[in-house]
Structures are given as structure tokens and as C-alpha cells.
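In order of appearance the chains are A, B, C and D, and numbering begins at 1 in each one.
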Amino acid sequence: MPILDNLWIIPLLPLLGSAINGLFGGKWPNNIVNSVAVGSTGLSFACALEAVREFSQLPPDQIPFVKQFFTWIAAGTFRAGFDLQVDQLTVVMLLVVTGVGWLIHIYATGYMAHEGGYYRFFSYLNLFMFFMLLLVLAANYVLLFVGWEGVGLCSYLLVGFYFLRKSAADAGKKAFIVNRIGDFGFMLGMFLLFKTFGTLDFVPMFAKAVPMPADAMGQMGTLTVACLLLFVGATGKSAQLPLYVWLPDAMEGPTPVSALIHAATMVTAGVYVVARSHVLFMRAPSAMLVVAIIGCATALFAATIGLVQTDIKKVLAYSTVSQLGYMFLACGVGAFSAGIFHLMTHAFFKALLFLAAGSVIHAMGGEQDMLKMGGLSKKIKWTYITMLTATLAIAGFPPLAGFFSKDAILLNAFQSENGGHFLYAVGLFTALLTSFYMFRLIFLTFFGKQRYDEHHVHVHESPKSMLVPLMILAVLSLVGGWLAAPAFWGAPDYFAKFLEPVFAQGGGAESAAAEAAAHALEMPLAIVAVITATLGLGIAYWLYISKPAKPAELAKSMKGAYTTLFHKYYVDELYAAVVVKPLLWLSTKVLWQTVDVRMIDGAVNGVAYGATEVGDNVRHAQSGNTRSYAVWVVIGALVVIAIVFWPYLKPAAVGMVR
Amino acid sequence: MSDFLAQHAEIIITLIKVLLLLFIVLTVNAYLTWFERKVVAHMQSRWGPHRVGPHGLLQPLADGAKFLLKEDPTPSGVDKFTYFLAPLMALALALTSIAILPFGPDPIRIFGHDIFLGIVDLNIGILALFAITALSVYGVALAGWSSNSKYPLLGGLRSSAQMVSYELSLTMSVVGVLLMAGSFSLRDIINAQAAHPERGILGWNVFPQILGFLCFFTSAVAETDRAPFDLPEAESELVAGFHTEYASFKFAMFFIAEYTSMITVSALCSILFFGGWLSPFPAAWTFAHYLPSAILIASGLWVMWDGFRYETIFGRILLPGVGAVITVIGVVLILLPSVNEFIQGPFWLLGKISFFLFVYVWARGTLPRFRYDQLMSFGWKLLLPVSLANVVITAFVILLRGH
Amino acid sequence: MNAPLVVFFFLAAIAILGAISLILQRHPIHSALSLIVVMVALAGLYLLMGAEFVAAVQIIVYGGAIMVLFIFVIMLLNAGVEERTNMSKMAGWAGLPLAIALMGFLAAAVARSTDRVQAVAQSGATAPTKVVAGLLFQEFVYPFELTSFLILVAIIGAIVLAQREKQ
Amino acid sequence: MIPAHYYLVLSAILFGLGVVAFIFRRNIITIFMSIELMLNAVNLAFVAFSQAWNRLDGQVFVLFVIVVAAAEAAVGLGIIILIQRNRQSLNVERVDLLKL
């Protein structure tokens, strides 16, 4: 098994690409740079495929396949090795990351063609791939955390890619800081886990965890606390309430970045972590409930904001947040495979949406405001078609990907014991909103009369390098869902079956009894979902095609709600008032002007001043005359001898005194 | 009286030996000057000294008398102490170095005392010699400085620099020999060359150590301030160099010191590289032992004949007498085999020494003087590296031979 | 009063007198000469202690090289009698007593601390040079190499120092 | 047989004399010589100890000291030449720029 035995090669390739581009790319022409970047990523994608093939031939007892390469940290009983792990979950993530990542690289070669800092961009992008792969391949929390931090770093670098633009730089910083908060929780979680289990390697830890009794609902046992802490980290990385604020701003980055990092891969890391540590979560029902509620709330919350945004990428950003909310909802109700499945499909269609949006923006020459678009469907046909596919997918029309994944989630939510129906209701409503704002986006962008003037903007279809990935992703989001086709569809749920061995360990996500009920429920719920989606489509059509004047009136009529939504519930302002201002005050007034200037500098300067004084007085001993120095040396020698030889000199000295 | 002799026999014998050696060395020095002048003269197709005595043989005595009787002015402003010290030091050191040389293999028995040829026999002989050579710089340097005159000062500077520089290669070039002998003692070094008596001349160090020999002899010539390295007394530039301000007997001291060190160096050359007192012939050729007598008789007869046809009466009387004495000695040697045996070693050693003395004179008669910078670069950039290379090569060969 | 002791005291006296004259002579050359006397006397002492090789090296290197260098430099710079300046009060009043005290301290310390030395049986045997060489090239080979580097550095340094910088 | 501490005391005295010379001479070259004198005293002590304990390490160390002395002389005399060249004086008391 050439690849499985040297798994390190998969993450290493992008790292190499990054290093090469970062070090030498500055001098090279674009085609060399992007061939290096795309090549390295594609190669690691190929390696991933090969690895999966080899993995599929492993006997079940060898799964999860863990490979220890070297010990990275060893302190007392603590050992964190550079250990990589492959199991079904990893396989899914691996394929998503490398595959989608590769496509986006290809896309970026076209999209970034005319940008400055070409090599820098691809160097960052490859670096991100490296860290992301490290994250999904890691066999222990520490290594995972390395990837976790690394992707955070790359997200910072890439969001702030146009660092000359203040907004971009600020967005980058915001993303980094908000993530910090989450990471803090994550670290605490790790420490607690290590304290509890004495190891941070997945396999032994989960083996220890399985026999442990589950905390009762509402009981704050160790596991619950640990899970909650981990989940804090997840909320940070995956932009859930209350830490979602960085993601919309992160749209300052180039569109491929938004597609790769802020839609397909990085933001799903939180979901991945929750799914990865499902064994713990299964034993902390209250934590699960929190996850479900947070996810559900985020989904609704973000969707509502998405209703009124006019920036095409902002809409997509909020939709991402809400879709992530779906995933967490799934995890929260114990349907991890459904969550992961939605993660995958979402990776397809959301990446597609972003890339298509990017293509639109590219076509509009950088214009992002939907109100200044319209009627583009004829001009950029391919972009339109692909984007429409994606929209249908995310809105949940059969037989596209979104339909299956969202259905699975809703179904599981409906079935879940505590407050399932409520969760289901909210999820359904969110689905309605989703389909509405997505079609609003479509209609505003591609239909209606054009709201830009021909003379400044001349619309043009994007180059092949951008369209091909779009098409591939379109196909994926078209058929990707069939992997998990529900029973009535005839096909068995391959995906769940595939992930079964992983999540079975957690204590059986879907028990056999629930299975039967599920099959009974699937059909009606599916129908309901489709109806909801169609409803959303209808409303959007009514508002933006048949009565284009209506939205403005509506906005006027319910001004309060509209402005609130438009200002995203004033959350940023709230944070600014509650957190940022006091922090600034503390750091400037107290820490800087008092502690630093007065105390620390005062102390340092005082010492320096004292030294000067002493030296000023002592320097007179330095006459510059060698002979005097010689005498000083003699005195020193005398003292030394007197000390060393005292026992021998004592009698003589005493004699002298007498 | 006799018991006093018995008690302090060693000391007395040593004293006698010292006096004897002193006498011999001084005489040899004196006649070395005659020899040098003659040879150089003939090289330049002149007659050289021939007025005082037959073939100017009494010239050295005349010179000695002159040195003793001349006025000895002390220049004003000299540093008295040093001015007097310098020639003394030079002479003393030169003579001391002679005392360390062994002149013959086996001791001679007189009055029941084993008396070996040579004053002391140190087992760090060669080191001691180098030590003395090292000190002999001071004579020149101090003379140059104390004379309080510019030419001597320059001469002193030159010679001290030159001697220090060449001492390095002098010492280094000997290391090869020391490695082969595995000892500092001159006696051991000679015996090491006698390891294979049947080889005779082929056993000498000069063949394996040819590099070492060349370096040694060159730097030895430089060390003794002889032509072509006699810059300290380059008359064309520095009048007479470091001893410009010296007259009469102090000057003679420098002179004697120079010639004595010539003898020492020649002796060292023959001991270190040419098997000292070893005969060049394989040990089996016993008839070679009659070579000394043969040479003595031949030369004696030639001197007699030469005397008979000499112009002056004095010469007609003196030379045949000397010749007769020499011949008789030769005959006696043939008649007393034991004495003949004993004489072999000294004979060969003296023969080699005189050969090297001739080379000295020869070089002086032939070679032009170096320029100062040439001298320095020659010493540092050629001799030193070569001698170092010689050391390395020798060491490797010995290692490979599994010595 | 056996012979070696006589020799010892003789040489010791010469050494001390040489050192004193090093102090008292006003001309550097004379100081150098007296130092040479000291060194030769020390070489004699080494011989007395049976350290032949060290004695020889002492004379060859110290007497033949280092001191020649000194005298050479003195001649080169034509250094005259040193001028009597007294700028260092320190040395003026505290110098002599302190130095004497140091001498006394050292002597006392050494003399009293050598009772252990006495205990060891001393063999007056001469140290065979071969053994010294063995020590030098086997046990102390790294220090030896280091000293060779030191010499190299010193040579380079001397050259750099002495050469006139070109205009 | 001469007791070792005779040599040691002698070396102590020589060392002290070296110190005195160092303090009371003004000529740099002479001061340098006094350093050499001190080194010699130390060498004497080394050899004395090595003879006292029948160990040759002392002698080896003396060799090292001599090497160091040689190196020091080379560099030091170079410096002295420079001083003479730049300040036209060998008197240490005239070379006292290194002060307040």
C-alpha cells in the first residue's frame, strides 16, 4: 500500500507547492506558478484517490487505519505524535477537500489572472490545503489543532489578501480574533480531555470513552463540559452563533477563497470535529441539545439576515452560515452521517454558488451589488445555468443534492426525542427562507431589466479555466445526493452505510427501530420539503419578477424589521459596544498608559538611571594607566589566594598578628 | 697528590680534554683561514698567501700576532657592557657547541681510564646543539646594537632576523633524521646509520633524507652567516656589518666564532647525514682500513718532494720535515693494527668535516650574495615548506614500514 | 649539603638576581639580557629536575626565538632608556607593598601546601623524551592541535598588525 | 634530592618579582618581559610538581605554556610596533586614552 503507508505525502505535496511558490514564485510568470500550485494539489488529489482505493481493500479490523510517523511532543505521560488516521469519515473529508480544493485552484488560475500578488495567493492557497489535510488526517487532537490553527492563519492571510484595502485587513483581523475565542475553548476542551483520558489520540480515547456512562440530560459531567468547550471552538471556526460575525466580513477576500475556505472546507471543520468526537457527544446529551439548538438558531438567524442583503457574496455568506447551522442541527440530533452528508453536498453546491458568483462579478467587472445587475442570463449563459443548478440544489428540489441531505437532516430532527418537532419546524421555515433568498439572488442577478449601463461595464463570459470547474461542480451537485438516496427512492442509503462503522461506535446513531419509523416518515416529509421550497420560489418570483416595485414598499411598510435585518440585528455594533470598547479602554488607559509607561518603563529607566549614576562615580577608577590596573589585579589575586589558601595561611597570619 | 688525582680523575681528564680540544680547534681555525684564502685564490686564479712561510703556511700565525698586537679602540657612545659581552658570547657559544660533538666510536684507554672522544655525551645532544645555535644569535644582534652606529645596527637587525628565520628550517630538516634514529643523541644517530654494516655508504641518511640534507646544509650556511648568506657583513652595503666597530682581538673573537661554527656545522652534516665516523665501504672490506695510512704516506711523500724543489732554504728544510713526520705516522699505523682500528672513526669523520669545509669555501668562491628580500622569501617560502614536507613524508614512510 | 643542592642554590641565586636586574635595569636591552639569564638558569633547574626536553625547549624557544624577537623589536624601534613618569599614584604608593605581600602569600601558601608533595616519593630519574612525546601526541593531542591553531592565528594577527595600511 | 617546595618557593619569588617589574616599569616592552618572567615562574612550578608526583603532565603543560607565550609575543610585539608607530612613545603612562 504505497500511499497509505506514507500518508504524509498527501499533505506534504501542497506544502511543497506553497514553499516553492512562496520562495521563488515572485520571479516566475503566472503559468509556471499556477502549474506548480494546481499540479501539487492535483497530485495530492490523485494520491488521496489512490489512498481511498487502498483503504477500501483494508480488512475491517484494520479500520481505523492509524499510522504513526514520529513523536512530535513527548512530555511525561503526554505524547503527541505526528500520527495520521484514515477511516470512512476521513475518506469523505479527504475527497471533498482535495477534490473541491483542486477544482477551486483551477478556477482561481482564471479568476486571479489579472490580480497582483499572484504567486502569494497560490502560495497561501496551497498552504491552506496543507493545513486542511493535516486537520482531516490527524489522529489526535493536538495535530488536528495544528491544522485547525493553520487554516485559521491561512484564512487570515487570504481574507486580508488585498491588505491595502483597510476593510480587507480589518476583516482578516476580525476573522482571526473571533477564531481565537473559539480556539481558546477548543484548547480548554483538549486539556480537559487529556486530564480525563490521559491521551489525546482518537482511537484509545474513544475506546476509553465507550464504556463510560452517559451524563444525564442537563447534568454538567466532565464529558458534557468537554464537549461544550469543543463546541465553542466549533462555533468559532464554523461561524455559529454567537461567533459567526467574522464570516460575512470574510467575503472581503477573493472569491475563490470564499468558495474554498468559507464555504467548502474550513468552515466545515467545526462540523468535522463534532462528528469526529461524536463518541463523546453521544455521552453528553445536554451538549448535543445545545449543539442542535445553536445550529437551528443560527440557521434561522442567518437566513433571515440573508433575506435583505444586496451584496451577492454577502447573501451567499449568510446562506453558508445557515447551512452550517443545518449541519450542526444534524449533529445535535445525533444524525452525524446526515450532517457529514450535508457537509459534502454543501461543499459542492456552495462552492459552485460562490464560484458562479465570482464568475458573475468577474463578468460585471468587480460589481458585487445585485441591485446593479439584472438580466444577465442571456449574456453569461453557462454561469447562469450552473448557478441555477446550485440554487435548485441548495433550495432542496429533487433530485438534486440539497434535497436529499436537507431532507435527511429534517427527518432526523423530526425524530429526535427532545424538542424534535420544534427543531423540525424551525428547520423547515429556514428551508423556506433559504429557497426564497436564493431565488431572490437568481432573479435579481439574471432576470429583470439590466440596472447597469452598457458603456462602463461590458459583460463577458468567463474563460474556460473558470467554467470547467463550474460545470464539474454543477454535475456533482446534481448527482452528489444520490449517494444517500432515501429508501422510497429505491436506492439504499449508501452514504450512511459507508459511514456506519464510524458512527456505530458512538452507540448507533439510527437504531433499527428508528429505521422503520424513518422509512415511514421519509415520503411525507420529503413532499413537505419540496412544497416549502416551491413556496419560497413562488414568493421570490412574485416579489422580484412580477412586481419588481414590491420589495421597496415592503421595506418601507415594515421599516423596523427591515433595517434590523439589514443591519444584521446590530450584532456587530453590540459586540463593539460590549467587548471592543471596554477592551480598548482597558488596554490604552490602564495597560498602556499606566502599567506599561508608568510601572514597567519607569522601572527600566530607573535601573538604567541608577546604573548611569553608579558608573559615573566608579569610572574614576579607570585611570587608563596600565600600572594602576596591574595593582588592582594584584589586589584581586591577593584576595583569591587568601580565600583559597586560608587553611594554609592561617598559622602564618596568626603568627604575624602575635 | 696522586690520591687527589685518583679522586678527581674525571674532572681532570675532562679539563685536559677541553684544553686539548680548544687548542686543536683554534689551530684548525687558523689554518682554515689559510685554506680558505688559498682555495678562493686558486678559484680566482691568484696565488693567495705565499709570502709568510712556504705556501704562506705561517700566514695564520702572522695574522694571530697582528690581532693581538693591534690597538683596540672603543668607539664613543657604545654600550660598554654589551659591547664587550657580544664577542665573548659569540665565541663562548661557538666553542661550547664543539664540546657536544663525539669524534670517535669507542673510548681510548689511558692510565686505566676510558676516555671517549668528545667532551660530553648528552642524550639530547642535537637539541643542546640547537639550543646553543639559537643563543648564538645574541652575539651578532648585541654587537650590532651596542656599537651605537648605523651599519652595525642594520647588520644586527638583518642577522637576527635571518638567523631566527633559518633556525626554523634548520630544526625542521633534522626531524626526519631524528625520526629515523629515534633518538636525540648524536651517537645513536650515527649507530642507526650503521644498522646494516654490509651496505656501507648506502646506509647513510643522506639517501633517504636528501631533501632534509639540502635544507639542512642551506640553512646551516645561512645560520653561520656565510656566503651566499653573509648579508649581515655585506661589505658592499654595510661596510663590515655587525662587527664594523670592532677591532683587533674582539674582531678576532667574532672571526674565530664564525669559523668554529663552520666546523660545527660541517661536523653536524657529516654526523647527521653522512654516517659520522662510519666508513663508506662495507664492513667486510677490511683492506679499506689501510686507506688512512696510504693517504698519509702518499701526502707525506708528496710534501717531501715538494719541499726538495722549493725555492727558499726554510721551505727546503721545513716541508721535508713535515712530510717525513706524516709518512712516519702512516707507517706506524700500518705497523700497529689496533691503533689503526682506533683511528678509523676519527679519520673518516675528520675527512668528511674537511670536505664540508671545502664546500663552504667553494660556495663562497662561487655563489653571488642574496638580496635581503630574496633571502627571506627563500627561507620562509621554500626551505621551510620543503623541510616540513620532508618531515611528513618521512613520518609516513616509517609508518608504512611499520617501524 | 650535597652537590645538587649546591647547584640548585647557585642557579636559584642567578635566577633571582637576573629577575631583580630585570627590574632595576633602565634600558630594555639590559632587561632583556637579564631575562635571558633567568631563562637559562631556569633551564638549568629543569635539567636538575631531569626535564631535559623542557630545558632544551626552554632555551630554544624562549631564549632563541621569543627573546630574540624582543631584542629585535627593541633594536627596530630603537627604544631608549625609559622615561621616569609617575602618573599612577596607585602604583606609586600601593604597588611595592602589595607586590611584596603577594610574593609572601604565594611563597607561604606554596611552602605550606606542599606537605602533601613531600609525601610523594620523588624519583630523580630523567624524564625520557619519548614518554613526554607519547603524552603530548596521545593524551593531550586535542590541546596540541588547538595550540597549533593558536599559533596560526597569532601569525596572521601579527602580520595584519605589523603591515602598514596602504594609502 | 631537592625537596619540591624549594622550587615552588623560588617560583613564587620569581613570580612576585615579575609582578613588581610589571608595576614599576613604564616601558611596554619591559612590562611584556615581566609577563614572560611570570610565565617562566609558573613553568618552574609546573615542572616541580610534575617531578614531585612523578607525572609528566606538568612538563607537557609547560610546553603548552611556552607555545602560548610564543603566540602572545608575536601578537604583542606587533601591537607594540603599532603603538610606537602611532604614539611615538613606548611609555605605558603616555598610552592612556582609555579613560573617562
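Of note:
Everything below uses one rule, namely that contacts are C-beta pairs under 8 Å (C-beta built on N, C-alpha and C of every residue); 3 or more make two chains touch, one makes a residue touch a chain.
This one's a predicted model, so the numbers in the text were calculated from it and none came from an experiment.
The minimum number of touch steps separating chain B from chain C is 1. Among the remaining chains, those touching chain A as well as chain C are D. Annotation: C-D is the more contact-rich of the chain pairs A-D and C-D, by number of C-beta pairs in contact.
Centre to centre, using the average C-alpha position, chain B and chain D are separated by 37 Å. Distance from the chain A centre to the chain B centre is 96 Å, each centre being the mean of its Cα atoms. Annotation: 73 Å between the Cα-based centres of chain A and chain D. With centres defined as mean CA coordinates, chain D is found 6 Å away from chain C.
Within chain A, the positions touching two or more other chains are listed as 623, 625, 627, 630-631, 634.
Touching of two or more other chains is recorded for no residue of chain B. Each of residues 19, 23-24, 26, 93, 96 in chain D touches at least two other chains.
Every pair of chains that touch is listed here: A-C, A-D, B-C, C-D.
Taken together, the chain D residues at the contact with chain C in this complex read 1-21, 23-27, 29-30, 32-34, 36-37, 40, 43-45, 47-54, 56-57, 59-60, 62-64, 66-75, 77-82, 84, 90-91, 93-94, 96. On the side of chain A, the complex with chain C involves touching residues 623, 625, 627-628, 630-632, 634-635, 637-638, 641-642, 644-645, 648-649, 651-652. Residues 619-620, 622-627, 630-631, 634 of chain A are the ones that touch chain D when the two sit in their complex. Put simply, chain C touches chain A in their complex at residues 87-91, 94-95, 98-99, 101-102, 105-106, 108-109, 112-113.
Interface residues of chain C facing chain B in the complex, by the touch rule stated above, are 27, 29-30, 33, 36, 43, 52-53, 56-57, 59-60, 63-65, 68-69, 71-72, 74-76, 78, 129-130.
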